[in-house]
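Chain lettering (A, B, C and D) follows the sequence in which the chains are written, and residue indices restart at 1 in each chain.
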């Protein structure tokens, strides 16, 4: 799995950052200060986090390029409806021409791993055979397993990210989506350290 | 594929239907009449359809129980974010105990169909082998193909249904989701014939 | 203020209610039972409430006709984005022809009340004078105060209603929207007593 | 009315812009190229606009500080639910301490303008009298007219902006929200000229 921060909210060219703050945190602070007709102040973020005024965190967005997650993980991710997704379509991809890779869970080890890899080969063989028999890609993909790797770009605002961290960084969450959001969290904390403050995030959890 | 109408918006016990109209259409008419301080009138629906005042159609919702669609189709369906989904989880299902079925596209026929069914057997064998080797269900499911049948309940309002009909009843849409929304359309037209009027729906298309 | 339940989710004609349950609660139970491939059981609702599985409560919707709230209250209500609104337009209403009423807060009493009512008269006089001078209704309404009564129809699902009850039944909420949601709560509890269980609702608060 | 671009989506520090493109347009192009496994190319934007693949335009967001619109205009703006708003609260503002200004429509001229300004004085006097009589700010504001100026910050993605331009730049739209979105359009076109291409925008209209 690769998770890359592709883009995020930054200040307009003529707007200065709040002293000592990143651009993303500054956007949140400016929104709060407008609301209260008060001078921008970094403490405003902590104040809103503590009081549960979470709507101000919707003003900053983060866009990620994700490569190499399973279709199983994708299905979980896209259940979060307050986000935007651009996903590589299996329907139009002819996997006899493009390489296709597969995620292998850590719990599948030793002999089970050999069994698993042999099956993955069978799936690819069957896909090729169906295509050779004239089955269109959109139907040949019916044999592709949940393990099939997929790529996507998604955009989410900071409020929804906080909500996802709460649900998906929980020890009961599935390992793959937990890893995805752990990486996402590290990427956004660097750009908006006040918004995604460690202490506040832990309280959430 | 089975698509059943489980529930839909109806009038409160003490509200009479607009004469000659179904309960669902009456709800839309009442909303419009409130907005314009005018007497309820069935023609109001046609008027709103023609003028593009589509928000009034958000007041009526329809809930469907869907059984036997592929995971591929599920992934397409759940991309529609203005809806509510309750989906059977593959993560907690142990398919060595519960039966699992698979969708077979019509384009996979003759020898290809034999090849396809043999592969489906291989997938089930591999799932069982992995479970026997101690792999948990949430990871064993990585071998389940996109063809795996799934069940779900979803709820959508009439405005979003109209939007889906436009996109998914198009000849370029994938056959399985086209069939799903064709059945959905027949079910909702019976309950809200003015809202989902044939003429208006065709104009949309 | 008048709040009337206009419509709500009911079972399709051929679906029986879960024994001992209302139609709305039955819809939630059916959605849960589908998800777990288990027999419908009224306890499923309590189970989901306690575990925080709130998405199943999105399957039932309630539609209200509200008459006689202030524009101030309307502005607060429509900030809840997960709902559908049909609002009487001030822009097209000519209030020299239609009666216009005004909300009077309880805190405005005694002499202040006389002062208030005199001002309301001034506002209506000014509206009429502007209309007489040829100002169109959409601009004459600029003099209408926040107290101006308005009518609307809104639809919200049970999950979002629970969220609104938490925010708007709080003692710190404004009195008018608190009264609105107190009435809404009484109306929905009658139709979905398990979903809006007193105990669970209090825990939320 | 003042409309200022406060922030918008920009590329992450280590991502180069697509040659000849702004940062915002580059984000859209990267999302599309990921989806099709194709090399980033400025023509991809026109292609998506023409084919109606609008979801890719959800990846870029724009945040505006708006000062001096009427409450009437605010009510229209916030009906767009696919956006984030941080609005100055009238409920907690004591307008005996902070200055309050009022929008005056162009149609109110000559003698009507004198009548209008006299009424605005009456509204302010009444507000002060009510406050002096002990009425709390949240209830005293009931006398404030729709003309009362308000400030807010809002964030919207490019897809929803296109939708608003279609509705709100229409000659039938109210003059104040038309002016608001005309300024918004000029601001975003500069940052994302391919996404908000003049030709495409006109076709939409």
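One rule holds for everything that comes next: contacts are C-beta pairs under 8 Å (C-beta built on N, C-alpha and C of every residue); 3 or more make two chains touch, one makes a residue touch a chain.
Predicted model, so just to flag it, every value in this text is computed and none were measured.
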Fill in the blank from the handout: Intersection of contact sets, chain C vs chain D, gives none
Exercise for the section: Calculate how many whole Å lie between the centre of chain A and the centre of chain C, each centre taken as the average of the chain's C-alpha atoms. Expected result: 35
Practice task
Would you mind pulling out the distance in Å between where the CA atoms of chain B average out and where those of chain C do?
Solution key: 28
Exercise for the section: List, in ascending order, every residue of chain C touching at least 2 other chains. Expected result: 85
Exercise for the section: Answer with line, ring, star, complete or other to describe the graph linking chains that touch. Expected result: ring
Fill in the blank from the handout: Chains touch in the following pairs A-B, A-D, B-C, C-D
Handout entry: Complex contact set, residues of chain D against chain A
Key = 4-12, 15, 23, 27, 30-32, 34-37, 55-56, 58-61, 63, 65, 84-89, 93, 98, 151-153, 155, 157
Exercise for the section: Quick one: which bits of chain C touch chain D in the complex? Just the residue numbers, please. Expected result: 70-72, 74-75, 78-79, 81-82, 85, 90-91, 102-105, 107-108, 111-112, 115-116, 119, 122-123, 126, 129-130, 133-136, 138-139, 141-147, 174
